[in-house]
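One chain, subunit A, links the two complexes that follow: it is found with subunit B in the first and with subunit C in the second.
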Partner chain A sequence: MPRIGVFICHCGHNIASTVSVEEVAKFAATLPGVVIADHNLYSCSEEGLNSIRKSIEQNKLDRVVVAACTPRTHEPLFRSVCEQAGVNKYLFEFVNIREHCSWIHAKEPSSATEKAKRLVAMGVSKAALLEPQTEGESNVIPAALVIGGGLAGLRATASLAAQGIETHLIEKEPRLGGLLNDITTLAPYSESADTLLQELVDEVRGSKRAHIHLNSKLRGLTGFVGNFKATLDEAGKKKEIEIGAIIVATGANELQPEGEYGYGSVPGVVTQLEFERTLKRGEKPGDTVFIQCVGSRQPGREYCSRICCNTSLKNALKVLEAGGTATIIHRDIMSYGTVWEEMYRKASEKGVRFIRYTLNDIPHVRSHASGTAVDVFDETLGERIHLDANRVVLATPLISQKDSAEVGKLLKVPRDKHGFFLEAHVKLRPVEFATDGVFICGTARWPSSVRETLSQALGAAAKAAIPIKRGKVVIESITAWADPDKCAACGNCVASCPYEAIEILEQDGKRVAKVNETQCKGCGTCVAACPNDAMQQRGFTTRQLSAMIDSLVKHALEESP
Partner chain B sequence: MPKKVVVIGGGIAGIQACLDIADMGYEVHLVERTPSIGGRMAQLDKTFPTNDCSMCILSPKMIMCAGHENIKLHTYSEVEGVSGEFPRLKVRIREKARHIALNRCTGCGDCITKCPVKVPNEFEEGLSIRKAIYLPFPQAVPRKVTIDAEHCRMITEKKCGVCKKVCQAGAIDYEQKDSLIDIDAAAIVVATGFDLFDASALRQYGLGSCKDVVTSLQLERILSAAGPTSGHLLRPSDKKEPRKLAFIQCVGSRDAKMLPYCSSVCCMYATKESILVREHVPDIESTIFYMDMRATGKGFQEFVNRAEKQYSVRYLRSRPASLQAAHGESGVLVTYELVGGTTEQRTEEFDMVVLCPGLVPSSGSEALCALLRIELDKDRFVKMPNWKHPIDSSRKGILVCGFAGEPMDIPDSVAQASGVAARISELLQAVA
Partner chain C sequence: MTEFKPTILAFCCNWCSYAGADLAGVSRLQMPTNVHVVRVMCSASVKPEYVMKAISQGIDGVLVLGCHIGDCHYMTGNHRTAKRIPVVQKILKDVGIDEKRVRLDWVSAAEGEKFQKVITEFVDEVAKLGPNPLREVAF
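And now, the complex of A and B:
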């Protein structure tokens, strides 16, 4: 008979103000196998963890159930307490009674309490059948791959190489630098973008640990954290490299506003990047009107691209220096922080004109005898005004790279609805993917300034360096396996596996499915696809899940008249 | 012997920096001047734009930090001196007397219950009281009490001694002295975070004179289920639920005479709070008085749109001229100018007003930077003069992350904090 301990968390008032924690604990104590059921104000606090640890030792528990918040944030913590108390961490079961009970049913405390009891009963019945697992360890290949040779990728490569790690940088274009090649100076100061770029390129080229692959694309990837094998297409030639970690730094692109505000039809209308190129060629800008939020912050593409206002401020100041006039037509000026706000103030003081428009009445751009004209309703003045311009600069947002879907698919990492890569957690894991060993930085994740991009590149470089410096990674234990007696070698599992972790092999004269456990991520898809109940997943076996359902049905039957 | 790094400041930036530096194999000493790590993020109710519970996502990191084999916590401690140069810096840490034997205190809280001295609670932004012997908040790390020597009667007047009587662990030590620790550090990380600008210095905003004017951080505590009102949105004057709420942006900030800069996070947290209050009081009407709605991060503009459409938040572009108490003690009259071709002034009554003050480098950071001999910028944030290395201070081997360097939100702070680990590893590899 197992010895199960159940610990119910108040989560302060988060759970306890809706769910009667005492009642759930009292109920849990009556469940088969449960030797102790207790409750804590905050199970995750030092005090809570200590009391669980002591209880495991005193009651000689061999299974632990915590009913609290979410395993996404807290499972590692409770698992480690089990380990400290000498219980295999896979003999721990998490029941979520906060998101699933108190928060969602905040207005129905008694039903929420009933639901919490049933979820706890299900957790206990599963816990009784849990089996200990051992975690394998794997060596880490002491090399990294950085995808994308723009600012983010260059800085990440320079960092990894400087940390003593062999780093492969792949760039699909024939030159390094990405969008930075088109930029004149780095706002808000007058540092030349070329200087920064050249310094970085020199550093990477000069490092014996950095290996640059131009005209190269990722074509395939197998393996897992610490042991990836990447297939590259380098200028038409296939190449294979082995690496321990990967950084995605594929950047972004400027939206081409075809047909909007006279782009393509009215002379003198350019995008911000095209404008940068004219400045870089030394062309005099003349009188310039900037229109912000072209193609962004509106239905269809809701987001703010973060860097466009600050770029317009920088370039408006350049226009003034070159003797032209500058007007910025905007909806809100996004000069956040210290340096951008200072630049905004400087632009106002030096005579850049700011006109605010709304989506209800957008500016109109047309040809004019002497050049280009913009008609706009000035919200502050409350009247329509007319502006003559030599150039109209359309500040369009950064959009995700066309091939980001392809990269995402090869690396098996997600993207958001705009095509930007989706980090593991928007608040606390900004440079990591949920997939171990794969990291993200720069505008491939979200539009960001040069300084932000550099910081993120360093962040991703730190994360990628950690497993390599440690030299070992722990291999996932919650994996699938096939019961050879039940397997009919139908191949459904092979076809369904998104990680190419299953093969049909000959074993003892019989063809059976075989899972490569280092490649299996424990997603469970093959288990669902198996028609013969041969495929099982550790920690989620049919027996364990059936026991949970049985417990739920049993309680439902007992209560129904 | 692993190389050592000293991280100053135990908020989310400092915690993340510690974790990554420690994971790289260096020995990290985290110096935090308050009794617990956690920083400002620990005070927040939820985080934008996902409304994740702040403490819930922070506390696992706090515990990981405390339990990490390569991290040593020095809470209730301050850096007192620094000498030498990278990579041979000497850091002197003063561990202030808590008057508690840390190895004995179990954090049971018996002493707190019995302590007769009541002091305004800093963690609750003065909205409730704590005792002279206290745990700053329930999830505090380390979970050890601290005696506030300034208010303890036994220490100041030699009268009382109740906590010592009730402490069964024998952890109370009124005679405890500060102790000094010297660390040979290869590098130092400054992650000292921010304070709120004191909005009571601007009389027109009514903080202190109108009871129903609160700061945004006070509102975070009011909304928190663990806060002073157990998560019930009640206005201070009469403890009634407000139905009409105003948020005022850029209090003291974006103002050439006060703080010229933008604090980067207020537009978004006000939007978050305006959504959260509606989950507490479903028919509440919120108005956000703003200058520019700066929603530049991932999912931020969508968040603002959702507040406007789904939660009926009124975004009003105007900078109010004055706030006054309405009739009696409750409610606030807000006088503002309408924008758009008129100069019409309007006065509108709100049940409660939330000020979003500019955020400033945390108190004491200037003295600390003088000690570290690193430069500040004109807004008193740590200067990061090198373009290629945007997290390096003006002195080699002293790195910066989070709000100490410039206003930024949590993910940007976390990314920088990780970046610091890479930078330290680069620098130390070069001298290895």
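And now, the complex of A and C:
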């Protein structure tokens, strides 16, 4: 009989506010093979992990089940605790009662608790049949791919190349730099965007290890961490490269207004990026009115783009310096933190006028004999104000890159509802995707300032360098093998394997299927193809999966009233 | 009369549909509590026998979810799935079980909303079919 320990996680309130964790633990204790069922406030915290480790040792557990979040982010952590306590990491089973239960059944606590019990029972039934495995290793291709040649991609490329790693940077446009190309100076310290960009481009161009591919896009990707094969379209030519890690730095776009506030019809109405371009050309701004949150923080696009308030503050100060007047019409000024708040204070002191509006009564922009006019109801004064302006600058948010869906699909990485890429875990794995070997930085993740973009790029480069510097990645032991006693050498599996990893060979005078384990990727296609139940996949054997089905039948059907 | 709540088993491949289910969770998309996800590496590893076993033991509906065609992490794995599951449906139909109790669909890692939609629709559909007639036989 196995000795199974079950640990149910509260995840603070994330699970426990919906699922009765105590009740699930009490139920788990009654399942066959379970010698201890406990619950932890945060299983993945130092304290939680220690208590699991102690429990494994004290109760001489040989199987561990954790019911918590998702194996896609947390499995390695719990597996390593098992190993520390002397239990082979393949004797660990993860049950997802957060993403697949408490979070999606927030209003049905009792049904969710019952479901969590069934999921735990299924996990325990599989755990009882788990077997220890030993892992193989595979070599890592010592090269990296960075997608997107804006600030984030350039910084990441420079950093990887400086670490001696061959790095391919692909940029879909004919020039590097992304958004920075159109920006004048960079708040809060007024560095020239051109200078920063030039320094970075020089660093990348000067490196023997960095390979720039302009007019290039990713067209296909196969493989795994350490061994990816990417197909590029470089200026119409197909090119294949092999890499060990990938960084996504595809940036963002400025939202184009659709005629709001006279955009496209009233002269002098521009977006922030267009305004930056006029400043870059040396045009005098004159009297300028900035309208904030155009197309953001409203139903449909609720998020705050984070950089637009600061950009308007920066440019309002520039307008004053050039002898114009500057008015910022806003819904709240989001100049968070120390330096940006300082800039807000400076803008107020120097005479930038701030007027607050609400969504119920938005400013009105129209043509006027001497230029452009803005009528706005000032929330604070409680009166309608008329402003004359040479320019009206619309602060539209950064939105996700047009082709981010395509990139997400190729790399099999998720995006949020606004199309920005989603990291594996906000706090535990901020620049990583759940897919091993793929990383994210810059405004492709979320609107961010130059400083934030740079730190993320350095973080992603440091993370991407880990497998490459190690030179080896562990291959999960989820490969297939055929039971020679059951195999009839029919060859079905051979034909089904997408990797040609199976051969029929002579063994002890009998012809049987043999899986080449270094070639097997662990998809299990052959298992389903085998008519004799001879082919099995480690960690997903037919006995283990059948036991899960039996367990669901037992707990959902037989024991339900 | 209390409303019939079917019991549903869902096989989700690790790379797309399980990740899509996770995204649905992260996005707090609400859905019925009847569906039990089993993680497999690829939809192509789902043996037709599992589906038959579940249905013959009284499970009301089985979902097999994988990556969209062309996106399978194992290149052509889900091409097999796309061939196998219709065969299972046909066998079920031949023995008088409504083939709508088994559904194959594709949910990518980015499609949390699609996951919610597939789950909700499938639960509705199976609820309309009523309890699996083999439930009686099974016990």
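To be clear about the criterion, the second predicted complex is superposed on the first by the 364 of 561 C-alpha atoms of A that agree within 3 Å, B and C clash if a C-alpha of one lies under 4 Å from a C-alpha of the other, contacts with A are read in each partner's own complex, and residues count from 1 in each chain.
By our rule, a contact is a pair of C-beta atoms (placed from the backbone, for glycine too) under 8 Å apart; a residue touches a chain by one contact, two chains touch by 3 or more.
None of these values were measured; they are calculated from a predicted model.
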Considering only touches as defined above, state whether A:Val474 meets subunit B (first), subunit C (second), both or neither.
-> neither
Using the superposition on chain A described above, determine whether A:Val527 touches subunit B (first), subunit C (second), both, or neither.
-> second
May I ask you to decide whether A:Leu359 touches subunit B, subunit C, both, or neither, giving the answer as first, second, both or neither?
-> neither
Check the residue A:Glu558 against both partner chains and state whether it touches subunit B (first), subunit C (second), both, or neither.
-> second
Would you check which partner chain A:Lys115 touches, where first means subunit B only, second means subunit C only, and both and neither mean what they say?
-> second
Based on the superposed arrangement, let me know which partner A:Arg415 touches: subunit B (first), subunit C (second), both, or neither?
-> second
Which partner reaches more residues of subunit A (counting touched residues only), subunit B or subunit C | B
After superposition on the shared chain, which partner residues are touched by A:Asn96: those of subunit B (first), subunit C (second), both, or neither?
-> second
Report, in rising order, the residues of subunit A that make contact with subunit B in one complex and with subunit C in the other.
-> 70, 416
For the complex, which residues does subunit A have touching subunit B?
-> 11-14, 17, 41-42, 44-47, 49, 69-70, 73-74, 76-77, 80, 159, 162-164, 186, 189, 191, 196, 199-200, 297, 302-304, 306, 332-342, 345, 379-383, 416, 420, 425-431, 441, 445-447, 450-452, 454-463, 465-466, 469-470
Residues of subunit C touching subunit A in the complex = 7, 9, 14-16, 18-31, 33-34, 36-42, 44-50, 53-54, 57-59, 67-68, 71, 73-77, 80, 84, 108-110, 112-113, 116, 135, 138-139
Subunit A partner, complex, touching residues on subunit B are 12, 16, 20, 23-25, 47, 49-50, 52-53, 56-61, 63-64, 66-67, 106-107, 138-143, 225-226, 230-231, 254, 256, 260-262, 264, 292-302, 305, 339-342, 377, 379, 381, 387-391, 406-408, 410-412, 414-423, 425-426, 429-430
Of subunit A, residues touching subunit C in the complex | 70-72, 96, 98-101, 103-108, 111-112, 114-115, 118-119, 122, 222, 405, 408-409, 412-417, 422, 434-435, 478, 496, 498-499, 521-525, 527-529, 537, 540, 542, 545-546, 548-550, 552-553, 556-558
